[in-house]
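In the two complexes below, chain A is the common chain; its partner is chain B in one and chain C in the other.
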Partner chain A sequence: MLSFIYYIREFLRPKWITTFFTARTPPLTTPPYFRDFPELTDKECTHCLACMMICPAPEAIIVTQHEGVWRPEITKGHCIRCGLCIEACPEDVLASGRILAYKKEEELTLQGTFHIEINQSTCMGCGNCSVACPVNREIDPALRSSGTSTSDEVIMRIDTGQNKVLHEEKCTGCKTCEDNCSNKAIRVARVVEALQGGEE
Partner chain B sequence: MSMLQYLKNTVRSRSIHVAYVNVGSCNGCDIEILACLSPRYDIEQYGIYVHNNPREADVLLITGAFSSQWEDKLKPLWDKIPHPKVAVAIGNCPISGCVFNRPETLVDPPVSKHIPIAAEIPGCPPRPTEIISTILSLAPIIFKDYEETKK
Partner chain C sequence: MDIKDVPCPFCGCLCDDVKIQIEDNRITGVENCCTLGNAKFLSKSRLQHPIMRKDGKWVEVSYEEAIDETARILSDAVRPLLYGWSGTVGEAQVVGVHLAEEIGALIDSTTSVCHNPSILAIQEVGHPGCTLGQVKNRADLVIYWGCNPIEAHPRHMSRYTTYADGYFIDNTATDRKVIVVDIRRSDGAKVADEFIQVKPGGDYLVLSALRAMVRGKSDVVPDSVAGVKKVQLQRVADLMMKAKFGAVFFGLGVTMSRGKYKNVRNAIELVSELNRKTKFTISAMRGHFNVYGFNEVLTWMAGYPFAVDFSRGIAFYNPGETSVIDLLEKKEPDACLVVASDPGAHFPKSTIEHIAAIPTVQIDPCVNATTALCQVQIPVAITGIESAGTAYRMDGVPIRMKKVLETDFPTDQEILERIVTRIREMRADG
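Presenting the complex of A and B:
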């Protein structure tokens, strides 16, 4: 009997009633270390496009010019918040969560090279890629519609009806060749190397 | 405002029923929806219930980049939901297709081409906090005074 009275008294306490009916988990705040969409710092963007090169999601980051100042723009709905653009940026233009802190601590740098792959069974040897390549044009301005070249310094050239890659390391990853290939036979792949502890 | 309308508003603000549909997602966003049910986030304290039955749903959460098998299925599913109803796109995939939206893939984003989308939550995946706060901020806009504003 005494316990009944005790329970009734316990459950009629205003504090117990209010906590029972208005129970809430603690306010849902985003922790400061959360890797959110990258935000701009006040550092100056040098238009090196390292962020666009590293970005795994299509159309997620684009470097645009506003009143003479270059700056990267993140598109929400495309960005997957992986933070690679922050790691890749040599000028620390972007920031998010703890990425800049550990990038500095570990002296993290990303280096990218490009690998050109040509599917020889679909390549017609038309030479569109060799002619369209802006680096090729710079090295050998005489490169003409057939894609053949007398220069050995070009990235790729048509040789005996097949496209041959000579200097892969000169590729800048613009993918103009991919856009100009009618058979989608050429693919440019990015090969990224992460270095810790400064230059080896 | 009539007394009945006031009662309806009160009840609807504490009773939001949710169905979710995966139209070709990688399951990442589905796991984040699942995390909303966990004690850490606990959506039921806000009066949000997951039944996963379109006939009694108010909010339809859509994840995924819309694979071709859903062409003839998503619209009938949307029509089954009684009014007032609202569709929320969760994650990047229903918005843009994100990493799946490449040449020669079979996805057909955005989902807003197929059914009307009221809110989009970007992120790959979005945080459970973002999902809960979106539903909670959207619900009063859609459900409050529905009978008076629908005309």
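Presenting the complex of A and C:
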């Protein structure tokens, strides 16, 4: 209680108030490297979802359709202003600060793949992930109809009691497997490679 | 060499789509099988010879000597107990029931300590059940009550209920709802659309509340029932009534918690109530791969599904008196034969003490917790891998178990037949 009174007395001193409000500090300027929230350019969104897939902040960007037109929407509360969506967008639909300019200058492209990791100590081999996987379901009709894997062309299947990844390159990163794994034994991670100068 | 469509001899799911790779009479690969079944297919440790305790030490003996000793123990006994049976096939169980009748024994299976209350409830109010194929092809609502399929029946969801395509379900991913009811947030709860957390022992109350809601008497349900809010119960009741085909699966969380068979009876009556509005079924999540089979075998041979006492010369069934735990608790048996199960790992301490105090024989391929309680152990071929036979899936569908490996070990059936023959010889000798 005493300290509270002490603080009030301290802040009410005219000297303190004058110093606080008349401090001489340099004016605030936006540095050139500042990344603001992404803004829409006038380019047309092709609904490729590259921005959503690269975004590290959950639900910061979603691509939605309004009156037949697709466009990304930013939730400012979730966006961490990393600028990766601007770099990833092949159509230059988004812009922020100088990002779009140096992306063009450096001919920067981002190539994304997905890496699937199975925790061998927790995977029960229940098959929920491989049966739920939409890519697997397309490839192996037996797997989707009875949980019996008959093809080696699927992304993953149950072998020796656990889920084994066979064709990681076919993963589209939808994370259906993660959502349907009861004991968090499967994780899908984005692996992004940045290429400069128009390399392939 | 690859062998397709091998049934897995582990849990009641009895997945019959396992592919086994064999090289030099050894299993080198297992496909489509969960981690539990895989461990059984690839297990390496087993008992190589019959063993017997002599002067407090284990001694390797011949099969003849072990069978002689078993026959002597069983024929000398006044109140022998034959327990287990769920990990072997129907053909061996038949011989077991004959043996029980021959020596006037009490025969009981692992049912006694798992779905015993379910059977009592079914005997009272019937069983609105169906096969797992029906559930897979029709169910748009699956309810797991007091069970955790991910740990105990790993492929149940992906193969029979939730994820596999249904013939009458347009979109499995969106059209199927899963409800999990448990006292804690189990693994299965993570993939559920609705998770109901019941206070321990509160299943009966929650089932009664849902029954009232389905009957249209929501006003009698209080704001909270066994820790579950009324709004959630109403939501679940609505989901149940809106479903075109609902399937309830229940486990030991319902049967072996407070209320026991009354819980199951209430669950069955909820399902009956729902059947006035839509189509609903209820099934037990059976544990051992052929626990259902023993109930079938004993029912067609003795008229009752478990806990049958032949001491009067007729089949006498009175669970609570003739069930294994009650019997051991009263220290009645003076000899015990354990076949294809491991009571040493699961029974209460006081009953294990009695098993250890009386001459006990075990017929099992592996050394387990019961070995420590035995006088004799006779190793056998692993059923479903080294010997064929008939097993019943948890929904009552019989499946032919395959023999995929050659072995010199005798089967359960052979050993039991030799014991019966030896007992008959001993009795003929006077």
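Following the convention adopted for this analysis, the second predicted complex is superposed on the first by the 160 of 200 C-alpha atoms of A that agree within 3 Å, B and C clash if a C-alpha of one lies under 4 Å from a C-alpha of the other, contacts with A are read in each partner's own complex, and residues count from 1 in each chain.
In the analysis below, a residue touches a chain if its C-beta (ideal position, glycine included) is under 8 Å from a C-beta of that chain, and two chains touch if they have at least 3 such contacts.
Computed from a prediction, not measured in an experiment: that's the story for all the values here.
By the touch criterion defined above, A:Q162 lies against chain C but remains apart from chain B after alignment on the C-alpha atoms of chain A. Contact with chain C, but none with chain B, is seen for A:S182 once the two complexes are overlaid on the shared chain. Of the two partner chains placed around the shared chain by superposition, chain B is the only one that A:L28 touches, whereas chain C remains out of contact.
Once the two complexes are overlaid on the shared chain, A:L12 sits clear of chain B and of chain C alike. In the superposed pair of complexes, A:R81 makes contact with chain B only, with no contact to chain C. Using the contact criterion defined above for the overlaid structures, shared-chain residue A:A132 touches chain C, although it does not reach chain B.
Of the two partner chains placed by the overlay, only chain C lies in contact with A:S149; chain B stays clear of it.
Applying the stated contact rule after C-alpha superposition, one finds that A:L2 touches neither chain B nor chain C. Residue by residue along chain A, chain B and chain C are tallied for touches, and C comes out ahead. The interface of chain A with chain B overlaps its interface with chain C at residues 184.
Listing the residues of chain A that touch chain B in their complex gives 23-25, 28, 30, 34, 37, 56-59, 75-81, 184. By the touch criterion given at the top, residues 123-128, 130-132, 134, 137, 144-149, 157-162, 176, 179-184 of chain A touch chain C in their complex. By the touch criterion stated above, chain B contacts chain A in their complex at residues 39-42, 45, 92, 95-96, 98-99, 101-103, 120, 122-124, 127, 129, 132-133.
For chain C in complex with chain A, the touching residues are 17, 29-39, 42, 136, 149-151, 154-160, 162-165, 172-173, 187-191.
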